[in-house]
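The same subunit A turns up in both complexes below, where it pairs with subunit B and then with subunit C.
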Partner chain A sequence: MTATSAPEAALGVLPRADGSAKYSHAGYTVTASVNGPIEAQRRDEHAYEAHVDVIVRPAAGVGGTRERHLESILQSSLSQIILVKNFPRSLIQIVLQVEDSPENDYVNTKLVQASLNFAIMPALMQTAVLALLSAGVPMRATATATAVTIAQQDGAKRITVDPTPRDIETARSVHVLAFTSHDELLLAESEGDFTVKEWDDVYETAKAICCRSAPAKEGVAMVLDDEDASGPDMRQFLRSAAGAKVAADLHWK
Partner chain B sequence: MPREAEPSLNEKQFVTQALQENLRLDGREFDQYRPVELTFGDQHGVADVTLGKTRVLAKASAEVTVPYADRPLDGVFTIATELSPMASPAFEVNRPTETEVLLSRLLEKTVRRSGALDTESLCLVAGQKCWSVRVDVHVLSHDGNLIDASCLAVVAALRHFRKPDTSMEGGVLTVYTPAEREPVPLSWLHSPFCVTWSFFGEEADIALLDATWMEEQVRVGSCTVSLNKHGEICQIAKLGGTPVDAVVLLQCTSVALAKVKEFSELLDKRLAEDLKRRDKGGFMAELRAENDR
Partner chain C sequence: MATDRPLVLPGETIDPSLIPSHPKHPLRLGPGLRHIPPSDIVPTVAGQLITNPVKNSMWVEYNSQRYIPSVGDIVLAQILRSTTDFYLCTLSQHTAPATLPHLAFESATKKTRPNLAPGQLVYARVTLANKHMDPEVECVSAATGKAEGLGPITGPGCAFDVSLGFARRLLMARSAEDGGVGVLEMLGGEEGGGLAESARTVVVVGRALQETDRAGLGMEGQRRLVKKLVREMR
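Now for the complex of A and B:
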């Protein structure tokens, strides 16, 4: 159970897909492929916009209602940022394959009927955005996502970013928030009991992670302090992952 | 879903003629595999096999269930192969294609029917409780020779897999979580591997190993041989296509044995490396919960 603190990503990992990405963070590893715009089936065809098809496949077992639920959430939020009006009557297909998810050492899991955890959402979202970037699908903004839990501990409430399965089990509420690169809230999903005040706190925490405008940082010590305080800077990460891929592609051999 | 574009007549002729002149498009020998890579994940039972541009991921998992009524002493063992649109947009979700059916059938025959996994050892309480072991095969990228890559991935995942330890005391079954007791490996009897030959030419006299997707679309027939490193053949499948001379088939099986020995060595080496990587501080021998046979 080594949950890496820094997210890792690789773009263009699958040779045959239009775009692909592999992303791992907080114990979750997801590979995504994007094909599109391609020919849509008659039943999926929209006259004025592209149909965004999201398929989530669990690592073990067959997908059930939970996977369909995640798919529908992702589908509606990704349709918001992809310029779907540019490709009428076509299909943009996003396949998300979960490779690894953190296990709870204290519980024996049921596996034949896969039930993906809510907290996998940010990893799925992030991988999908990276794969879309890699496929060159036009988007109006990129998106960054994070998961936050609130737990009641010794009378005080504690906010945890990127929770482990153990954190989720003990938490009172789990929240997944995503922001676009224009600092707009794209997705807010919550599970459990919480007050409006708590949600505001969660919003601030998530926004700090997703929408940190990278200032010119001076000195290593300051950077380290910053990381410890509020988790990784997702937007900077997304930018550097895409930047590294472009630099590698344009490198004259 | 859009259909996969078939190679043009020119492309087909180019491949066949080059083969007649003893050349493959990628410059390999006829009986040479593309570079095989095998890696294991952080969890137990995740194997990732790369064969050129073909990439297959297999994940083994286990849970306690009720055994089938007609086989009260056996555990349940299933191999699930579902080709997702990730491999090619031509594959549709929940609609198996012929490739998928053939692949799952061959894996079933090779790994399950050959008794590679001792299903009796999966029984916990006769007729009431048993382990259900499941292997999910995910094809991430399809560039020919799915069968050999998937078989290697399945066998590697199962040999790498650890199931939770159990104990029976006074009729009470306890399943220990990973935090309580170190999980134990499956009782594995032998490791079968698939070797697929593709045949070309009017008389099917050219035989290729590890055909790419392009070559697979042009071939006139194929034959899959499954065997273990001791040369015990589990199955031979030649499903239609141009008839092949018996002598050619015999030659194919003898070459297949050499390839299977290479696979076997590679798997043993990677498993040993992985064990070493996990064994930090050298406590693994003490933590082990299984008994030596």
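Now for the complex of A and C:
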């Protein structure tokens, strides 16, 4: 799968969970299940808000420190968009199972444990949001996320959206940004060397992908797709994925 | 259809022209909507926005799996255990138990209270649904003191889990016409006068309902499913 492939999603794939989603984009495939609000364990209970529990499971082996790190970042971002104050003393559990991640063609990997890296964050974030939509968990807003790298190539700097493992290896810095549907910055994580100016460029690039305002009519969208080759329109994608689920649920109307 | 029932996502702004305005009635907000003072109405779930200009109400129609109690809902509760003054019962799995007072039954007094065993199903109305407290249910109308159809469920049967949207369709006064659920009538119509009352029938009816919900079957699909199930049962 190439990095430029369009994102794909299916909602409600797990019949037993309250909500679930399967999402694949840029070589990553993630399945998420959401259960909640359910009764929280005593130690997770909070008197005034719901505890959001995020569990990231790698494609092979058991999770380690890296997964715990991703979980903590996702947990704090997702509790911002979920209306946690509506469900005090309860738990909203989000389990993210990585099924597939892109392989680096330049390195011969002996797969003992599929190691997670930074670039998987947008896929995890997007799957979690889709699963939350599928579960009907009340939210303040939806969120879209993307990963951007900056590489030094022939003396010029090059910005890559949805990087491949090779891009990440050669990049000077990797950035993950997420925006809410109100165009607010929800998550900004960076790794590597970069200047403030570079970060500003990254911010603009990511914002263009995550926060493209929805076109008024579908006919206009078709025209825009041809001209605009700056990357996938994540917000439109999220809307169509949720719309398909709602239409399937309310087919009897 | 797309115009009168627009798709909304959490946090989207609702076009002010869609919000009903009525000179007399106050605006009523149903599930899936949040009012942010002073004047913002924001959806919190993904679904179809439905408005009723006559009653001056609006809500978001969506399907979900987990039941969140709200006052006035008629629910099927399962008794967990009894305490001195009330029964503890579950409304959905893995949530805090709801309370059902011993005296919240028709003509129950301190001396004559119904004796319900753990696992028993009761048909009840939610009287207290508050995010800071455990929900409370009753099997009697507080106004009339009559059961009005509520109370312990007796006779052979089983409880089957379906999605909330499907449960609402089943509860519609004319579920076949309005809700598009015809399985029950179709099963009843087989053999020209209803199926025999047996454990097998219960399982077939439950499976038919669950399958209709899970696969989102239309009328034609339901007819095919009923034929298949009846053929298997014989």
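Rule of thumb we're sticking to: the second predicted complex is superposed on the first by the 230 of 253 C-alpha atoms of A that agree within 3 Å, B and C clash if a C-alpha of one lies under 4 Å from a C-alpha of the other, contacts with A are read in each partner's own complex, and residues count from 1 in each chain.
Operating definition for what follows: a residue touches a chain if its C-beta (ideal position, glycine included) is under 8 Å from a C-beta of that chain, and two chains touch if they have at least 3 such contacts.
Bear in mind the structure is a predicted one, so any value in this text is a computation, not a measurement.
Engineer: Between subunit B (first) and subunit C (second), which, if any, makes contact with A:Thr180: first, second, both or neither?
Structural biologist: Touch partner of A:Thr180: subunit C, not subunit B.
Engineer: Applying the document's definition of touch, where does A:His251 land relative to subunit B and subunit C: first, second, both, or neither?
Structural biologist: So A:His251 only meets subunit C here.
Engineer: Please work out whether A:Phe87 is in contact with subunit B alone, subunit C alone, both, or neither, and reply first, second, both or neither.
Structural biologist: second
Engineer: May I ask you to decide whether A:Arg43 touches subunit B, subunit C, both, or neither, giving the answer as first, second, both or neither?
Structural biologist: After superposition on chain A, A:Arg43 lies in contact with neither partner.
Engineer: Who contacts more of subunit A, subunit B or subunit C?
Structural biologist: It is C that touches the greater number of subunit A residues.
Engineer: Let me test your reading of the model: by the given contact rule, A:Glu103 touches which partner, first (subunit B), second (subunit C), both or neither?
Structural biologist: first
Engineer: Looking at the overlay, what does A:Arg57 touch: subunit B (first), subunit C (second), both, or neither?
Structural biologist: The first partner, subunit B, only.
Engineer: Identify the partner contact of A:Lys197: answer first if only subunit B is touched, second if only subunit C is, both if each is, neither if none is.
Structural biologist: Neither partner.
Engineer: Looking at A:Pro15, would you say it contacts subunit B, subunit C, both, or neither? Reply first, second, both or neither.
Structural biologist: both
Engineer: Which parts of subunit A are in contact with subunit B and also with subunit C?
Structural biologist: 15, 17, 35, 38-39
Engineer: What residues of subunit A sit close enough to touch subunit B in their complex?
Structural biologist: Within the complex, subunit A contacts subunit B at residues 2, 14-17, 29, 31, 33, 35, 38-39, 41, 55, 57, 59-62, 93, 95, 97, 99-100, 103, 105-112.
Engineer: Note which residues of subunit B are touching subunit A in the complex, please.
Structural biologist: For subunit B paired with subunit A, touching residues are 1-2, 41-43, 46, 53, 55, 57, 59-65, 80, 82, 84-89, 93, 132, 134, 136, 138, 140-143, 164, 175, 177-179.
Engineer: For the complex, which residues does subunit C have touching subunit A?
Structural biologist: Per the touch definition, subunit C meets subunit A at residues 5, 7, 9-12, 32, 34, 44-48, 61-66, 68, 93-96, 131-132, 165, 169, 179-181, 214, 216, 218.
Engineer: Along subunit A, where are the residues that touch subunit C in the complex?
Structural biologist: Per the stated touch rule, the residues are 15, 17-19, 35-39, 81, 83, 86-90, 133, 135-142, 180-182, 238-239, 242-243, 245-246, 248-253.
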